[in-house]
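Chain lettering (A, B, C and D) follows the sequence in which the chains are written, and residue indices restart at 1 in each chain.
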Amino acid sequence: MSEQIKEKETLEALTKTFEKVNGIVQRDKRVIVETDAEIIPGVLLYAKERLKFTHFSHMSCVDWIENNQFELVYILWSPEDKIQLIIKCVINREKPIIQNIDNIWRQANTYEREIREMFGVEFEGLIGAKEFILEDWDDIPPMRKDFDTKEYSSKHFFDRPGREDAKDVRTVITERSGEEIPDFAKKYSRD
Amino acid sequence: MMNSLFLLLFILFGSAILSYIGHRISETLGNIIVVVGAFSASIWFFVGFETPAEFSYKIADFDALWSFSSYSWIFAALVSILSPLALLYSTSYMKGKERLGTFYFNFFLSILGMIGITMSQDFISLFIFWEIMTWSSYLIVIYLGKDVEKVGIKYMIFSAIGAYALLMGIVLINREVGSLLIEDAFAYFPQIQFSTQLLIGILLLIGFSIKSAMMPLHVWAPGAYSNSPMSYTAVFSGALSKMGIYGLGLVFIRLLSSGEFTLINEIFAWAGAITTLMATFYAIIQDDAKKLLAYSSIGQLGYIIVGVAIGTELSIMAAIYLAILHAAFKGNLFMAIGAVEKQTGSTDMTLVTGLIRKMPLTFFSTLVSIIALAAVPPLGGFVGKWMLYQSLLASEHFFLIIVIFTASTAAFLYSFKILYSLFLGQEEPEFKNIKEAPLPMLIPMILLSLFLIVTGTFPGILFEPIANGMKYLGFNDVNWNMSLLVNAWGDEVNLQHVSMYIGTIFIVAFIFISLKNRKRTRYVTTKDISTSGEIPLPHENLSFKLNFYKPFERAISPVMKKTMDSIYDEIGNGLNALFQFIRYIYSGNGQGYALYVIIFFVLLLLLKNQIFGL
Amino acid sequence: MNWSLILGITITIITAFTVGMFYGGISRKVTARIQNRVGPPIWQNFLDVLKLYSKESAIHHGWMQHLGPLWAITASTATLMFVPILNNGQFYQNLNFSGDLIFLMYMMVFGQLGMALGAGQTGNPNSAIGVSRGLSQMVGYKVPWLLALVAIMVQYKATSITGLIELQNQIGWLMFASPFAFIAGLLAFIGMMHYSPFDIVFAPSELASGPPSEFGGKYLGLMMTSGSIFTFAKLVLFVDVFLGGASNILELLLKTFVIYMIPVIYGIVSPRYRTEQSIRYFWGWPTFFGVIGMLYAWYMIS
Amino acid sequence: MIEKKDSLAIGEYIKNFARKHSLFVLAYGTGCGAIEIPPTMTSRYDAERFGIRGAATPRQADVLLITGYLATKTLKRVIRVYEQMQDPKYVIGFGSCTINGGMYWDSYNTINSLDKYIPVDVFINGCMPRPEAVISGFVKLQEYIQEGKADGWRKYQNNIEEYRENQKRIIKNWRMPDYNL
């Protein structure tokens, strides 16, 4: 196992500079930090300009419906140090507004438009904030947990007859081999 | 009784003045005078000369003689047919423009100049009429006031060079021959010293070839052609440039007829061929329809120069035939582009699009002219090109034929481009309300198109006057048939068979394809195209216009770069430096030029004994 | 009415259509065999054309598109009419004596111009790109083709095809008498057939088949008919000029087939040239051979 | 053979014969099934034996091959492409997704049964169908064409209102021009 010097340096630099940043070195070449939504552009800009995380790998959103939160995840990569930096922040699910970062990385615009459409997160001052991937969508954003995709599908599309008595594959397996369905798997079961 | 020749000029001059006055009073009155004057002059030209008319007089002790030779009659007829059509077109095209009086005054003057040139049988009146033609055309080139510095001055400079070369030649002829009559010059020319012969020949050739826009003396032409109003450009490119050809024909065939001048003939033929090739390449890369046609004119004049310079019977015939045809199709094309400009306000080929259903007749006349230009059978243009190639084959100019044939093939590129860009392609909403051109513009175009169609099958109607005119040039038995082309080796093309076959098959196939599934054949708009399922929005322009021939440009870029950078630009830069100097003399003011010429003539008359050695 | 002429024209067109179609089928079969496939039957092209004619609906974007395929078929059959099918007038004469080589060179472009205009009217950008490429490429292969033909016309002082055939009866095939012109002509001919590597005009996946992309049903059928007739006409012209014509149908089929297979087989193993590459290719070696042929002709007559 | 099919005149028989043996296929390859097309066309399975050939544009094509799932967004394009094709035209639904949605049966953005929106002449099931299955589907289509049963295009013309209604349930903002029907 390596010393993880660079990783620690990065984490230290971030936590020293920003009060509201805390995080861990998860493993080699990966640092995860959490921060407040208000200072996200500052943290990203700092990581880009000072810590040389010049590459914006990815940005995604997680719907924590139990906590009534959206978690936004920004993944950066430093080509120089070969370290991945994951920055997370949470925003209120009822009023999902966060600052726009596409002036830091232009490619972030595409991710932001996708997240806007799929989760309904609004980005302040987003360029091209209009219909992006979905066409003529008139329901709640489809990637939210409270969106029932099966119900939507059966309401809008024609289910072909014969599908309803098709058995769940897990049921078939358990019947054939006499095994029990494990508890953790039961909640995913169709019945 | 007034001499019929004099009357012709009188009608033209009278129309010039009357139309000036008429346009001062009202536009309608002016237009009526213009049309009546133009057509009466033309009718008088065709019916007024029952017997060979002559008119002789004296200018300051020089004998002057006006009369039409059978050769010059061809060119005069060309002017007399094209110019009234262009003027009729002009009444509608120029509607609402300013200073119409001046425009028509100059228009008539340049027609007068051209008619005068063809009827001059002495050098001094030829020169006077040449200058009248040059000035009036210059004033029209700068009439619209666009790029006067670049275009107008360039045209004036080149015209001046041409005129002075011409004048020097005339002065030399007078010194050696002692007469200014053209016939005398031809008769006594062989007795002159060889070096003087050569000098006279080259001076006259330069003088004439500038008007016919030969490389490297063509620099004025693209700008001048595209800058003047299209109704005049039809005459400018169609008829006025033919005056240069007229002169070249006289010089090459009658003056430099002995075998010692073959080298000059060869040089001019090659210059003509390279003019054709390069002008065609330049036409291909143009994005403005006017510029494209201007370069194309230069290219087509190149063929004619080749024909004249080769100087065999068939090649002269081809050249004169092509000259007439070029007047018809290029006049027609400039008129059609003018119609597009009038109706849409632009001739930019990257903007204007999809006019075929809006302006079908304009499209038809453009199509016919383009087929004639591209020399595709069964229209008239093919006949001229065929004779030219056959004459080149028979006179063993192998590589020349390759160059001009390549140019002719490359001409398809710009031919298609102009048709496609303006008339075909996507129909855009911004050109939704375009209407067909008004009737006075359509009539000349349709008439010229019909002429082109008829000459494709019956070129004999043109061969008759051409053969007649070639007697004057010394070719006494010119073989011609109404619709049969025969080359030196006896191989032939039967045009009637060709047109009949093409017509029949076309009609049969047309009936087949139109009747088959007639009820289930539908017209769909140009937005309904296979675009991988995507629906183009109304404002989305899907036309492929910009850099249309980019691959071709890339392929020919080495030759273009060399020619353009090293030769063109150096000449251009050199000339620009010259312009800077000469601009002090050429003030850009018509009065000033008149003054210069008057001073020049006064000096000429005062010093005539010293100069001409009388 | 000259019924024998009409009969001759009809029979010639039908012959050309049949042979052209079969050659097309054979080329597909050969391609398939080279790619280790079974391939379609050799009459597959007939079925394709028949199917296209039996389509029940058609669309056009305007008159010019409606007329485009007509121009093509007019030009291809016209080309055929002026080319002697067999020597010594053994086949129908048609209009053999009414045109010569220079006429044919222009006649062959007539159809391309018409097709280009038809494709232009569709408003499909792919069609226009295809046309721009096709016309550019045409200027490319015309130069060696022209050099070859001019060299022959100059050397033997004949521009008519019948004249050239008669001449070859005396001095043997021009392929051997003027070898350089033949090489230049053959290389240009490969380009004229529009097989790979010179098929960027009709690139199916890049340009959606280029100029014909908006043509379907009867229009595409007429274009395919015209294409097969034109193929045959070009082959016969080439055989007449360079291979001494043919004295019976069998000989004609043999010669044309051999010539036809050259572009086909060359095409299968060649990748595609870009437009400017193919223009430069034609202005390279083929033109060089053409110039050599021309100098040779010059040397021979002086 | 001809006598058996009383309803078909000889002309119709010949036409159907030509149609059967010359199928220009436009593969709408947005689904995962598109990967099965290259082996079908190339030397291993060689569909050209049956006169099956790729077409570049809908204008030239006879068969529309829907390879796999169709998102609601791609359905719009498929309808446009289908309507741009010339009659007679056939549709082959390729893979389970076109039949009942397949593994995307409960997805919010893939349709479940293709034949509600455009008429399908032959379905090929499987996820994915192997090239053998594809070819057998084509052969089935050829049989139908010969028998005159492959008349989905006529069904589409006759029941256009019904199809339009279904299509408009998916494509709410209907701004498609009126195409070739």
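Following the convention adopted for this analysis, a residue touches a chain if its C-beta (ideal position, glycine included) is under 8 Å from a C-beta of that chain, and two chains touch if they have at least 3 such contacts.
Model, not experiment: these values are computed from the prediction.
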{"item": "Both-way neighbours, i.e. chains that touch chain D and touch chain A", "value": "none"}
{"item": "Which of B-D and C-D has more C-beta pairs touching across its chains", "value": "C-D"}
{"item": "Farthest chain (mean CA position) relative to chain D", "value": "B"}
{"item": "CA centroid of chain A to CA centroid of chain C, Å", "value": "61"}
{"item": "Separation of mean Cα positions, chain B and chain A [Å, integer]", "value": "72"}
{"item": "Between chain C and chain D, centroid-to-centroid distance (C-alpha), Å", "value": "36"}
{"item": "Contacts with 2+ other chains: residues of chain A", "value": "none"}
{"item": "Where chain D touches two or more other chains, by residue", "value": "57-59, 76, 87, 180"}
{"item": "Multi-chain contact sites of chain C, meaning residues that touch two or more partners", "value": "55-59, 208, 213-214, 217"}
{"item": "Chains touching one another, given as label pairs in label order", "value": "A-D, B-C, B-D, C-D"}
{"item": "Chain B residues touching chain D - in the complex, by the definition given at the top", "value": "520, 522, 524-525, 527-528, 530, 532-535"}
{"item": "Complex contacts: residues of chain C adjacent to chain D", "value": "28, 32, 35-40, 44, 47-48, 50-51, 54-59, 204-205, 207-209, 212-217, 220"}
{"item": "Interface residues, chain C side, partner chain B - complex", "value": "9, 53, 55-64, 66-67, 69-71, 73-74, 77-78, 81, 95, 97-100, 102-103, 105-107, 109-110, 112-113, 116-117, 120-125, 128-129, 131-133, 135-136, 138-140, 142-143, 146-147, 150-151, 153-154, 157-160, 163, 208, 213-214, 217-219, 222, 274-276, 279-280, 283, 294, 297-298, 301"}
{"item": "Chain D residues touching chain A - in the complex, by the definition given at the top", "value": "72-73, 76, 99-101, 105-113, 116, 166, 169-173"}
{"item": "Contacting residues of chain D [partner chain C, same complex]", "value": "14-15, 17-19, 21-22, 24, 42-43, 46, 48-49, 51, 53-54, 56-62, 85-88, 180"}
